[in-house]
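Please find the structures below.
Heads up, the next two complexes both have chain A, just with different partners, chain B and then chain C.
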Partner chain A sequence: MTTLDRLSPGQRATITSLAAQGAERRRLMDLGFIPGVEIEVEMGNPLGDPRAFRLLGGVVALRREQAREIGIQVQPEETPTHVA
Partner chain B sequence: MASPHPGTQLLQTAASLRGEFGAELNDRLMESYLEESARIASGAVSRTGQRARLSLDRTVDRILTSRTLGFPLMLLLLWGVFWLTIAGANVPSSMLASLTMDWGAPRLHALADLLQAPAWLSGFLIDGVYLAMAWVLSVMLPPMAIFFPLFTLLEDLGYLPRVAFNLDRLFQRAGAHGKQALTMMMGYGCNAAGVVSTRIIDSPRERLIAILTNNFSICNGRWPTLILMGTIFIGAMAPAGLSSVIASGSVVATCLLGIAFTLAVSAVLSRTWLRGEASTFSLELPPYRPPRVLQTLYTSVIDRTLIVLGRAMVMAAPAGAVIWLIGNIHIGGASIAAHLVSALGPLGWLMGLNGVILLAYIVAIPANEIIVPSILMLTLTATSLEPSLAGMASPGVMVEFEDATVHQVLTAGGWTMLTAVNLMLFALLHNPCSTTILTIWKETKSLRWTAAATLIPLALGFAVCTVTAAVARALGWV
Partner chain C sequence: MSPETQTAPAVPSESKCATCPVHNASELRRLGVNMDRWDFVVALMGNPNTGKSTVFNALTGLRQHVGNWVGKTVSRAEGGFRLAETNYKLVDLPGTYSLVSSSHHEEVARDFLLFGQPDVTVVVVDATRLERNLILVLQVLEITGRVVVALNLMDEARRHGLEVDARDLTRQLGVPVVPMSARRGEGIRELLQAIDEVAKGRFVPRPRRLDHQDPRLEAALRRILPEIEAAFPHLPNARWVALRLLDGDHSIIRAIEEGSLGDIDRMAAKALPDLRARELTEEN
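Here is the complex of A and B:
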């Protein structure tokens, strides 16, 4: 179990929890950040932050502090040579 | 005791159930919505060919937002858009100018003579109102008809959210909202529209920062001033083949300086007057869409070009009238314009500009579009020039010249490279036009913030121009 800000490019993960509360939690859920949803890093940024994630067929950019609010379970890689 | 209202009972039940299920309930509901909609979608939506599109999108995105190429590509696109605008607008602009001024104005005068209209009336209406509108039409229509479709095309492709994505870190450092990158881009079309677009920012603190800094986005009305100065003073120094590249480079540089001021002023505001928590940022990056060229042309010509142009013409008419009046009403042997120019002269000199430019900026408060024609007209009427040049226009008549003649007139009026560079700086850093000021008041309902939005850029303009003038003089460049 880790948080979304630590997901490396190329890894896939499943969302497990949301730490955000109130309006921000609502907004994240509207965008598809819901436990059970699969997610991966879509692209970085010339300046490092924010990063964009692919989920439910769409792409959403989040700043690091928000990605930290999202709990994930990293999936084992499809070619099982090493596990992050 | 009255029996409890059924609504009250319902709320009580809800509260007790909420205690029982906890905050989990909402999450469970969302999860089950998602499951159900995924089930429906998988049965009803076919996705042939989507994989290939997806991987192409991803490749393009990774290049446009990459560490090495992200910013250079942004600059290159910006440069390309301005270069196409500058290079492409030249010919249609001079065609429109010769149609409305060389061909149209004399015929209108002939018509006025035929109707035996008094000279003051035909002068006021034709040389004042009509020529001001004709100038705005010929100077603004061609660049806008090129710039807006190009910009709309980028918007349509889905590139602008990527720019906001690339720039977000800088805005975050400045304590500003990520969406400010988007409202800033709206400002490149029109600052009044940019100010209205700040409604997308929820936090009042960050919205005010976006409003107060929107004027650092160079609007439509100011591009012609920058393009003309860039072309006749800066581009002209470069070898002939490179001049339009260098000219568009100087416009891009001014634009980047505007972004630097946006970030710096945002940073200062978010640490002083408008201190507070930075709010969160999430931005959907829509997939790239093939641009619908015809629709883009239609919407950018109708919705943007014509509306902005219409506003400019409505504003130019009274301004043209005012210029004609102050150029033709004489007090104590000199026109009002001449008195004002000499009164503003010392301040203008301090700022590396001159009295004519400052007066033009006062006349042009309703619309930045008419800065350059006002400057040319006032230079010809209110300053003493060689007779050969002074003979080109009667007092208070807005004129259109070829670029080379403009350069000749301005140089004769005492202009140097410093004047041109400082005019570009002052075009970036001065008070918003009256429409924008009014919009800021409508959006904030606060005299204080409206005054701040007006005076901050103006004060910066005075300071920056005075410093560059002092430095240039100290180093003996002028």
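Here is the complex of A and C:
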């Protein structure tokens, strides 16, 4: 369990929780940040902030403080399986 | 709004199959802005970039500016069409992801739905981003069941190899879902038919409402709902307002504090200066 600001490019994660409250929480949910939704980093940022995330077929940019409000479960890396 | 109007091709007004909806849909008369009376008001909503304005233009014959940038439809544009001896006034609302206002656009759209009470609300959704777009659809269904979902950009979805089961979606949402591609003119006829059926009550919607499944929320609703209903007996969407209050929606809290919430006359006048206000004065 970690938060979205720590998600690395190439990793996939599932949103598990939202720490934000009130209007901020509402806004994040309207944009698709809902527990159960899959998410990945779409675009990094050389300055570190903001970063763009891909979820529900669209792209949303968040600042680091906002991403820190979103709890995620990182999915295990897909290891290529070799069939003999 | 573009002042430009277009003369629609003349169509025979009477024919023996005038009662058939399919036939009637082909008798669309685009009225542009030339409307002096109307039977039903249709609101057009949707996320930004779903082709909402293209749908508006296809139905009214107007050439409202179509372009890909945020906030293009700054407030709302209006136009009309005539179908099956019925005049429809179409109101194009700004693109919005949500009805819970955090921007002026969302407030315009929400106020129109709540206080303008359109007879039919068409929610235009992007078939290639269906899941995201359904957030708004579910929010609209919380307010009104008189909804038609226009599943737009189907041509693009096909190009991406996406298939959408519109019939199943209709069943799940409880309102008509019409696959279409407004820019290619596909599905316009079916959309018109669905609007007509909902407006005239021939399609009885069974809107999908989220089951909040939280006894604490239901308990809170049971406590405040009667108070809201007592304070604002004419409010058509008391449950929705109660949920927004529990949400901490500042614009709704403000509306209650200022006493403007139950003042449908005033709110309606604000949301619809030229339409409902007139009707309300006539009724009173």
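Keep this in mind: the second predicted complex is superposed on the first by the 78 of 84 C-alpha atoms of A that agree within 3 Å, B and C clash if a C-alpha of one lies under 4 Å from a C-alpha of the other, contacts with A are read in each partner's own complex, and residues count from 1 in each chain.
To be clear about the criterion, a contact is a pair of C-beta atoms (placed from the backbone, for glycine too) under 8 Å apart; a residue touches a chain by one contact, two chains touch by 3 or more.
Everything quoted here is computed from the prediction, not taken from an experiment.
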item: Clash or fit (per the criteria above) of chain B with chain C on chain A; value: clash
item: Touching partner for A:G58 - first (chain B), second (chain C), both, neither; value: both
item: Residue contacts on chain A - larger count, chain B or chain C; value: B
item: First, second, both or neither for A:G22, with chain B first and chain C second; value: second
item: Touched partner set for A:Q66, first chain B, second chain C, both or neither; value: first
item: Which of chain B and chain C A:M43 touches, first, second, both or neither; value: first
item: Footprint overlap on chain A, comparing chain B with chain C; value: 27, 29, 31-32, 58
item: Residue ranges of chain A touching chain C (in the complex, touch as defined); value: 21-23, 26-27, 29-32, 56-58
item: Complex contact set, residues of chain B against chain A; value: 27, 30-31, 34-35, 58, 61-62, 65-68, 70-71, 165-166, 168-170, 172, 178, 280-287
item: Parts of chain A lying in touch with chain B, wherever the complex brings them together; value: 18, 24, 27-29, 31-32, 34-37, 42-50, 52, 58-63, 65-66
item: List of chain C residues in touch with chain A within their complex; value: 97-98, 100, 102, 128-132, 135, 247-250
